[in-house]
Amino acid sequence: MSLTILNAVIAVVIAIAFAALNAAYLVWAERRGAGRIQRRPGPNVNGPLGLLQPPADGLKLMTKQLIIPGGADKALFMVAPVLAMAPAIMSFVTIPFSENIVARSMNIGVLMIFAFASLGAMSILLAGWGSRNKYGVMAAVRAVSQNISYEIPMLITVITIVMMTGTMDLKELVAGQSGGIWNWNLVPSLSSPLMPVAFLIFFICTLAETNRAPFDLGEAESELVAGFHTEYGSMGFGLFFMGEYANIVIGASLITILFLGGWGCPLGLFPGVWWFLLKIYLLIFSFIWIRWTFPRTTIYGLLNLSWKILIPISLFNLLFTAGLLKVF
Amino acid sequence: MGAYFSEIFRGLQSLAIGLGITFKEFFKPVVTVPYPYETIKMSERFRGHIELIENEDGTPKCVACGMCQRACPSGCISLASKSVKYEVEVKGEMKTKKKKVLTTYDLNFTTCSLCGQCVESCNFDAITFSKEYNLASDRKEDFHFDLLNRLEERNS
Amino acid sequence: MIKDTVLQSLRGLFPDPEPVVEEIVTEAAEGDEAEGEKKKPAKKKKEPRNNGVIEHDYAQYGYDIDVQLDPGELLAAVMIIDKAGFFLESVTGVDWIKEEQLEVVYDFSRYDFDTCRVVIRTRTPRAKPKVPTISKIYPGANWHERETHDFFGIKFDGHPHLVPLLLPEDADFHPLLKDFKP
Amino acid sequence: MNPSDTTTIIGFFTGDGFAGYADAAAGVVFLIMLATTLVGGIIACTAERLVRAVAGLALSFIGVAAIYYFLNSPFVAMMQLLIYVGAVCVTIAFAIMLAAPEDTKKIGPSGPLSGPLGLVTAGLVTMGMTGLAVNTTFSVLPKENMGSVKLIGIELLTTYSMVFELVSIVLLIAIIGSLVIARHGRSK
Amino acid sequence: MSILNLHNNLNTYLILAAILFGMGVYGLVTRRTLVGMLISSELILVASSINFMAFNRFTAPDPTVGQIFTLFIMAIAAAEAAIGLSITIAVYRNYKSVDTEDLVDLKG
Amino acid sequence: MSGPIHIQPGETFILNVGPQHPATHGVLRVKMEMDGEYIVKAETVLGYIHRMHELMGENRTYPQVLPNLSRLDYLGALGYTHGHVLAVERASGIEVPERAEYIRVITVELNRVASHLFWFGAFVMDLGGFTPLMYAIEDREYILDMLEAVTGSRLTYCYYRFGGLYNDIDDEFIDRARAFIPRMRKSLKKYDALVTGNIIFRKRLEGIGPISAEMCRKYGATGPVARGSGINFDVRKNEPYSVYPEFDFDVPVYDECDSLARYYVRMEEMEQSLRIIEQGLDKLPEGPIMPKKKPKLIKPPVGDYYQAVETARGSFGIRIVSDGTKNAYRFKLRSPTYSNMSLFDEACEGMMIMDALALMGSLDLVIPEIDR
């Protein structure tokens, strides 16, 4: 018990480093990817391929003055970015990158990730409200209603998988999918023929939960300026940014673990951390790709999608799978 | 019910088409010019700010008639001249003639709207457009061009 | 032809017996054209134009019907225009400083292919310019009238929100008046 | 004295190497979380601005979740985060935004006496309960109860299945009821 | 007993719960707004949950009963929050205030 | 999703969209009274870049005003200059050589395509899609390069002169324009697949921001806004000017009245413009680009002249009241977006802010042109 807490502390430190590094270079990847899609080079001046751009940006953000708006609630204004970043880092603790590389393997790993992810809504609310900005408040309300309504189909889908595999331990989830692509949860099996649909639902929900385009209503820059972080500059903004990208990595990891066999090789050979990283970065690339292709949805379109399409289908999937599991 | 699913299906299909297009574009070469490292050549007719044209002997062609000054909508050209006497040989005998010589030709580029009416109004083809476009400064004074000076600098 | 029907009903606005109006009108129009051709300096013609309806040559002026009337008859004329299905193109003013008058010009046009441009003018004394608003009939006139008020200081009676639109909120000058000194 | 209290402050220095340090670290984390809970609670019940009170409540709940973790029940700890922080606190903050937009109005105590009165009441209750807790001898089991998700699941669906169903009905009614109440007076 | 070993002591949890309960009572007495009272009542609920959890770990023969009770409390608390807040919003719509002293329609 | 909503008093708040806001594409301010996400009332505040072009028109000689006209609408500048030169030519009776008119039409239509392209990109960006803007700009750059090679400028062309043109087009321009047409058609297909077919895009525009034909008439909306409301009105067809009667082109009209209809109208207009350019290049006559005899000083005879042209944004009218001197006595600019924007206040009532901004985007605003 006690040992694990010390472990966890060390793991948190590593997770912070990993999250920060990931955030920095995902921004770079995002900008390069967007550039390629839009037929421009993207950042390419600082260092080879612009690889020194993220540290430069980070340095700039850190050295800038933190401006707190006059009417803002100072305490909440300062707390919100931390609250955005901290849960994301905590979630890293339980993600197994390979059989051995995991900070704290828990038997309820899935639940833990969702528990910490649910704190994100609180940080958005506090940021929007604390900065005393109408755009911020509107964006916060939007983002929270979005987060809450997409948590439902996401959890239902996870329950389907948990029901199938009988475990909430992320490591066991991956272990159950080892041995080649045909063992992945993504592939429909006799007892779960709707798995690709579940994957699609989970993927869409991940996009929505991480506030990524086309569901980035919380920071809809063309109508709400910058949404809940309108008033944030310097490292406050930096933390939100890092939190967002850390959430993306967590989302991609979760998809990989739940559906794509984790660190397993598609061919069943040499499983390892590289496969895991390859899968999550491919997923992240697809996030970037989607972001730069589609326009943004409306708030009611978003809620309609969740309540009228995703939740019924995922519920049906749950019942259907439960029935089939009983039969087979 | 059928409509419900067909709408979902068609929606997903349209999204996939969009993704396909951006994916194809992903592998096409970039079309932008990395500006400060590479510049493009301006076209023949590019209208930059104006420059004086010189004669063969290096003096400006301008006769200081002031047409450009009058044509300018924003009044950004100001020129001054003095008259000098000079001798020409007409039918064997030397005659003294007066002629205006340009002493200053100032272009206040801060108010210039680059319409090109000055060049058009010039009957002596004495001014032309420069092809310069890398003009940037944080001081207003940098855009008060003394064209006569620039002409000399160009010649030297 | 919509032009004829509109012409008919607009002429009905003027109480004078028609031939008289016609006479004055053609005179004025001819005078205009004659002067244009001869390029006479416009010295003599400083009398305010008489009220009435002029039929213009579209190719030369760009509009077909030119109506001048008193501010009092404006609403009646605009209602005729509205009934005939015209849309409001613009409202603007002209400062006739020599005649001590301000003119408000309303442009109307049609959406269909029965082309007919109607210009309605009304004059008001420069000292106390006041014209009824047509924003009740054409809500689009709201902005145009505010703009005209900005530039010329013409008061539009009954306008719901006559505050500066293009000029600063506290502007008390009217830049398009000919005696405006910045 | 609690029998399970085997490691003493001296044990921290003389303890068997790394494990001792680890225990100490766990203790420090526990203290931090205790402080978080209490500070959050104080903010929650005294802050003048309601949003701050909710933030304090969330902070307190995070601390409580950590305490549940120390009580060998990570499952309940996660549920605490998921339900209390992720749902209840967010809902309350949401409602504050909807119902009390003029947040600048500070909310003081309801009367001149209510502050001291509240303090006295709360103090008495706390004192009483603390005294009760300290002075009662509990028959502490020698074995720690380890929280097991599987066991909870089995219990929920066997022994407590009736309660489980009732709770779900209560939740359903709560959802419908709150929808009905909140939509009242609004045609859209 | 070491200060670093508090987490292995039942009394720590009971006292913590008592303090949280006291805070909840204090808030309930002093708060003027419905939302504030709701927040305080959540504190009280969580205090009782801590007690359940603590007894579950240290004294109960059944390793799950306390946890299950806590889970039920959570569910009830969530329901209570939802209902309470919808009432708050309804009250706000009618009275334009959530101050308990303004809601005095029945007070002669 | 808009509909009648009962507003509780005291529940609304004022939201200032602009003067600096990503959706206003310039310094426009809309004071919105909001009930949550719904707009209860909107009031547009203009004048942040008002430059009094009309007074400048009175203080400058006719040729000197030419550069001003390009600065009204920097995206479709040639259309506005076209209006001005046509008005002055009408007033002073200057004949224009046929070649010059053809070149004017070709360049105006190119400019219209460029303007619509930029609108397309900016509109999709308003809806949150960033990439189509870049593709649109790529095509637009091609047009701008072409026009720059001819006119010497990229945005504020100042290319037309009274009676003709500043300079003639060359074979290179013609080749490039010919190459542009198939390229643009291909691009339009790409946009169709990438944007028009996209379900998110359609869901955001279908039925959003309805503007009835009657409302258009009352507010004097013209251009694609009117044509998206089922009004078959295009100055090029209704009051033909220049050499437009020589061309065979259609006016796209959609009856849906929503933002998607306005989008379709503009997208189809690009195709029609390409047709006009194609025909213009085929028919382009030889000859001078300036009339043989042209008055040295332009002094239109006394009178009141009006000229309407169809710019990229609608019917642009210019009224010149001449007193026979070299300056105009009154120089009135009737800008299309001014009328189009004036209906926004009424149209956006009861809409959600996202939809209202989509509606605003579909009006194709260029703020300098509203403010003049």
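Every chain is named by a letter (A, B, C, D, E and F) in the order it is written, and numbering of its residues begins at 1.
To be clear about the criterion, a contact is a pair of C-beta atoms (placed from the backbone, for glycine too) under 8 Å apart; a residue touches a chain by one contact, two chains touch by 3 or more.
These numbers come from a predicted model, not from an experiment.
Engineer: Show me the overlap between the contact partners of subunit B and those of subunit F.
Structural biologist: Common contact partners of subunit B and subunit F, which must touch each of the two, are A.
Engineer: Pull subunit F out of the set; how do the leftover chains group by touch?
Structural biologist: Without subunit F, the chains split into A, B, D, E | C.
Engineer: Starting at subunit A, how many touch steps does it take at minimum to reach subunit F?
Structural biologist: Step count on the best path from subunit A to subunit F: 1.
Engineer: Could you tell me which pair, A-D or D-E, is linked by more C-beta pairs in contact?
Structural biologist: Spelling it out, more C-beta pairs touch across D-E than across the other pair.
Engineer: Go ahead and note the Å separation of the Cα centroids belonging to subunit B and subunit D.
Structural biologist: Distance between chain centres: 72 Å.
Engineer: Suppose each chain is reduced to the average of its Cα coordinates; what separation in Å results between subunit B and subunit E?
Structural biologist: That pair's centroid distance is 74 Å.
Engineer: Can you compute the centre-to-centre distance for subunit C and subunit F, using the mean CA position of each chain? Integer Å is fine.
Structural biologist: A distance of 26 Å separates the two centres.
Engineer: Indicate the residues of subunit B shared as contacts by at least two other chains.
Structural biologist: 15, 18, 21-22, 25, 31
Engineer: Please list all residues of subunit C that touch 2 or more other chains.
Structural biologist: Residue numbers touching two or more other chains: none in subunit C.
Engineer: By residue number and range, which residues of subunit F touch two or more other chains?
Structural biologist: Within subunit F, residues 8, 13, 131, 135, 138, 194-195, 198, 200 contact more than one other chain.
Engineer: Looking at the complex, which residues from subunit F come into contact with subunit C?
Structural biologist: Spelled out, the residues of subunit F in touch with subunit C are 46-47, 50, 52, 54-55, 58, 87, 90, 216-222, 226, 231-233, 237-239, 299, 301-308, 315, 317, 319, 321, 323-324, 329-330, 332, 334, 338-339, 342-343, 346, 371-372.
Engineer: For the complex, which residues does subunit F have touching subunit B?
Structural biologist: 60, 63-68, 71, 131, 135, 138, 145, 148-153, 156, 158, 166-167, 190, 193-195, 197-200
Engineer: Which subunit D residues qualify as touching subunit E in the complex?
Structural biologist: For subunit D paired with subunit E, touching residues are 1-2, 4-9, 11-12, 23-24, 26-28, 30-31, 34, 37-38, 41-42, 44-46, 50, 53-54, 57, 60-61, 64, 67-68, 70-73, 75-76, 79-80, 83-84, 87-88, 91-92, 94-96, 98-100, 107-110, 114-115, 117-119, 121-123, 125-126, 129-130, 133-134, 138-141, 144-148, 151-152, 155-156, 160, 163, 167, 170-171, 173-175, 177-179, 181-182, 184-186.
Engineer: Could you please specify the touching residues of subunit D with respect to subunit A in the complex?
Structural biologist: By the definition above, subunit D touches subunit A via 18-19, 21-23, 25-26, 29, 49, 51-52, 55, 58, 62, 65, 72, 74-75, 77-79, 81-82, 85-87, 89-90, 93-94, 97, 103, 149.
Engineer: In the complex of these two chains, what residues of subunit B are touching subunit F?
Structural biologist: Its residues touching subunit F are 10-12, 14-15, 17-18, 21-22, 25, 31, 43-47, 71-73, 113-117, 120, 129.
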